[in-house]
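Going in written order, the chains are labelled A, B, C and D, and every chain counts its residues from 1.
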Amino acid sequence: MLEFCLVGGGFIGPLHAANIAAHPGARLAWVVDLDHAAANALAAKHGARATNDLDAALADPAVGAVMICTPPRTHAAIIERAARSGKAVFCEKPVDLDMQRVDACARTLASTGTPFFVAFNRRFDPTHRALFDALRAGEIGRPEMLVLSSRDPEISPPDYVAAMPYGIFYDTMIHDFDMVRWLLADEPVEVVARTACMLDAAENPHRDPDTAMVMLTMASGALVHVNSSFRAVYGYDQRIEAFGAKGMLISRNQQPTTLERYGTSGIRRDPLLRFFIERYAESYRRELDDFVRAMGEKRAPSITLDDGRRALLIAEAAVASAKSGKPVPIG
Amino acid sequence: MLEFCLVGGGFIGPLHAANIAAHPGARLAWVVDLDHAAANALAAKHGARATNDLDAALADPAVGAVMICTPPRTHAAIIERAARSGKAVFCEKPVDLDMQRVDACARTLASTGTPFFVAFNRRFDPTHRALFDALRAGEIGRPEMLVLSSRDPEISPPDYVAAMPYGIFYDTMIHDFDMVRWLLADEPVEVVARTACMLDAAENPHRDPDTAMVMLTMASGALVHVNSSFRAVYGYDQRIEAFGAKGMLISRNQQPTTLERYGTSGIRRDPLLRFFIERYAESYRRELDDFVRAMGEKRAPSITLDDGRRALLIAEAAVASAKSGKPVPIG
Amino acid sequence: MLEFCLVGGGFIGPLHAANIAAHPGARLAWVVDLDHAAANALAAKHGARATNDLDAALADPAVGAVMICTPPRTHAAIIERAARSGKAVFCEKPVDLDMQRVDACARTLASTGTPFFVAFNRRFDPTHRALFDALRAGEIGRPEMLVLSSRDPEISPPDYVAAMPYGIFYDTMIHDFDMVRWLLADEPVEVVARTACMLDAAENPHRDPDTAMVMLTMASGALVHVNSSFRAVYGYDQRIEAFGAKGMLISRNQQPTTLERYGTSGIRRDPLLRFFIERYAESYRRELDDFVRAMGEKRAPSITLDDGRRALLIAEAAVASAKSGKPVPIG
Amino acid sequence: MLEFCLVGGGFIGPLHAANIAAHPGARLAWVVDLDHAAANALAAKHGARATNDLDAALADPAVGAVMICTPPRTHAAIIERAARSGKAVFCEKPVDLDMQRVDACARTLASTGTPFFVAFNRRFDPTHRALFDALRAGEIGRPEMLVLSSRDPEISPPDYVAAMPYGIFYDTMIHDFDMVRWLLADEPVEVVARTACMLDAAENPHRDPDTAMVMLTMASGALVHVNSSFRAVYGYDQRIEAFGAKGMLISRNQQPTTLERYGTSGIRRDPLLRFFIERYAESYRRELDDFVRAMGEKRAPSITLDDGRRALLIAEAAVASAKSGKPVPIG
């Protein structure tokens, strides 16, 4: 039984807490949050203890792993404290937006021998995973082109946007950059990016890019396209298409029901699942299971800090290309 | 080059005339219609001769085949005149609604050695044909159940309905009865039918059945369901599903375009193709081609008068079951 | 918090136990099973107590509800014992296969004022429910035809089949009969049924019907078709199609992933979800939630013993029709 | 009745000839080809006259229009001869690959007042046209991103490839560049292109690019992605996706039949229509109809030489970007 100390009880925290509670090999032992009420409520629901003092929780020898669900700027510090306490770390992406800080974390994790997992949850989506398996099995031969559509139903609140300029690369497409590396088992050597502000000023008052296209060239020569928007009114649009010498694989969108409605104006199906919580519900369960199993089997978690670092490198290069207008080499 | 005398220039006549004109091995020589204007217009368009005297056209030795597109009650007489003139016959279904009349035609055709084709056009639809081919190839093993949906977008005009009581069996499902026999290479031994008048009195003033379900038991033991309606507001609904020991085959509906429209209320595609002229355009071309080839190769046409007769027998039994409420044996 | 005594720890029991454990308003207090090991294992997993003495569990005043997951022939006796103990009852279908026994249960439940729920789980499937909602909202106007396909991937083991002759009606289509009543808010007045043994003797040694078609006529005049098979090799085939004056609604099948594979031989998607546990996972969660809420709100559960009784009446009539070959009136 | 002189009886010529023959307002009067046998055969089939002397045909005062189906390098000269003869011109794309030659043609057409149509047939595909209509009707608001997939089933023969280096832009994507301009009613201001040789040396001995991705920035700020390959083993892959403020429109691929095959390994549908002749059969008919109507109504044809010129400009810029690696401004 792996006991977790969950840090950060807001937003994605309750989702992870519920998954820990439901997992046969995991237990939620602590909830750490500066907001006492939030910590208490979440802890009470799952029979855990609440605190606003991370050190108190880290001092509990029963705790085997720290799950970090706090805002990104706090991740690195918590990673380092957890590592020094000898706890394994399950960290929401990104590790940090500052590459030097990421590298410092890497050194701490290495010197302490801390198992570390960065939660690129999409790798555990059943359909994306089936696409990955088909690629690995050689179903379409050598992959030649990859096309990803990655569109949110709406833009984040203005203060969230303000806190992370070029969030369309750092926060959204970073998932796609990880998918590209993982699916192709290949690294990009160049990126060209273009952005636009398509939302009106009321929706996007900071005029941070809300629409973007990226073209990546991989070391193998494979070509990759990614597009993103912060306003897909029909739902959370998440598609991946891999084209190769022997065929094509498409991970299609998902809908809440399979109902078809036939009428004089045509045939209508549901809009897409609305947000990532519903769309990737299963992948959140499976990434936790993978981490718990890795700990039980004494093996390294399947997504490393270096994976987080490399996705961030691509995002940085995409921002540089969007700003300069030029292709930017990577690595 | 097979020269045709087309009898009946209204309704389905112009469609057949255009297909003859476009066919490399066929030519439209005569258009026969009591309505001079109609005959002249159609003939002029295709470089044929017009007449209201069938005998005059039948006397033309260049004519090799008669295509019968007149109302059903006139078919038998024209078949017999064509047969006695030594012309091959391509006849719209049904041969006749009176079984004794059909049998008389059969005798005439036999004694004169006349090639005869009854136009169950659906056998030539590319998707239905692909389903047939897959069945014959054993893709789903022995067929065990067949489910057919056969729904018209709207009811025929009142006088048309009045002229053929129980037209839902005699005019519409007769196509499905033929499909059942053809697809399964098997004969029904029993039918149970139920009908309803679901349209309101303004649409269906004669209160002839506009909605029907039929269950057939085949000699092999296979079970068959057919449903029909005269008011499918979303278009011409034509589906066939074959279930067997090794799988299932579905001939799905068809739409004018493949456009998908994504919006806040969901994903919308076109309604179905609106009527049989569009839906079965290709099958009309292919049935003609099959007939022309059969004549060129001196072989019998691929759908016989006996096929027409047997479909009619099933329709008669379905009417008897709908009236009595009881299962009715066939054959 | 509603505390449950679960009776029957095999087969569907663990599924219900896990759903109770995950439900915020429910708790698993007891597991009752004659098999000590099974009871102990299931109880231990969820922190409940195990016993093989139903009375001991019923004596626990904390227990508010009994969940019955035992074989069908034991249901009635447990219902009556639970009712006399003052516990609410959540019972897997069927109540009993003997109508007199069902009626006796009804009297006991009435005299004791026991809340009772029969678990026709399909009513809680999100897509079927969306179809129901659309019907109620009048999206397709008056329903005129209903077509249900209800096919299992494989036949049950021989002893299970032997224990319930005509299980294709009593065990499988009984779900569909309930769906018909619920969706149409209407009662059937007649049924015609036909069956076949299509599986080979190795798979179906008792030669109990493994394939069936049913036609129902509803009091409103609506026509209903149901087909069923015990060997759909492509997965658990569960479709409902409602046709009405203004359109059509289709509850389509479901698949494990949305992956599409394009190759020279065509485009391939997953087979259907394999069995009812996966296919109806969400409906099992939702039916429990509905029951727990009903108890919390002091309202009657949403599926009554009379619903169970009426579905059984239809199944009995279908068996009678299949045996006699004749249409059989209902009610 | 518009009488045509068709120049070039090979490849696409017979398709256009058959469409002219089938069109009620058009007639094929001449077939001009240096290959006597080809000209004779095609002319005989449609009751036209054959010649290898273009001037002879142009001297026929009955001829109203010249249809140019010869190899691209001959287009400009024939356009000019037709223009000077006072005939309208229907020309297969491209006008020419040399921009100065195109401009010279433009001057000749202007000075002679010659009606001219360049056959970007895809504009007349029913589904692409429905997407266009939906965009114009404002269904998705302002278009923000356009994604086009344009993949051939196989590479052209080596000598064809050798005759047109960078044919992936000049011959294939030029259609997409026209679609982008037409659909968005907007002009690109910049292009970035990347190419690869993914086919093996046996298939692509000249190592001309067989795989390409392009990113266009439009004057409006809209972002466009186009990808192409010369080896889509599953068929001719032709998709367009328009994303906007209010939704998304997708022109999906098309298949020969709608058959679905369910088996243990999943659900299989047909591969895509194999080649452009089948896929765009209807658009070829409709572009001819549009041209014939324009002539009858004395209006300018709906696709102009300037459209051909602008698509070529984009292709040239894409080649420049692929060669230099840099973004290239357009116009």
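What we mean here is this: a contact is a pair of C-beta atoms (placed from the backbone, for glycine too) under 8 Å apart; a residue touches a chain by one contact, two chains touch by 3 or more.
All figures in this text were calculated on a predicted structure; none of them were measured in a lab.
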Give the fewest steps needed to get from chain A to chain D, where each step moves from one chain to a chain it touches. 1
Which chain pair is joined by more contacting C-beta pairs, A-B or B-C? B-C
Per the C-alpha centroid definition, the whole-Å distance linking chain A and chain B comes out as 58
Averaging C-alpha coordinates per chain, one finds the centres of chain A and chain C separated by a number of Å equal to 39
State, to the nearest whole Å, the distance from the C-alpha centre of chain B to the C-alpha centre of chain C. 42
Hey, what residues on chain D touch two or more of the other chains? 233-234, 246-248, 262-264, 270
So in the complex, the part of chain D that touches chain A is made up of which residues? 142, 144-145, 147, 149, 151, 192, 194, 196, 198, 211-213, 215, 217, 221-223, 225, 227, 229, 231-234, 237, 243, 245-248, 325-327
Touch list for chain D against partner chain C, complex: 233-234, 255, 262-272
Residues of chain C touching chain A in their complex? 22, 24, 45, 126-127, 130-131, 134, 139-140, 246-254, 256-264, 270
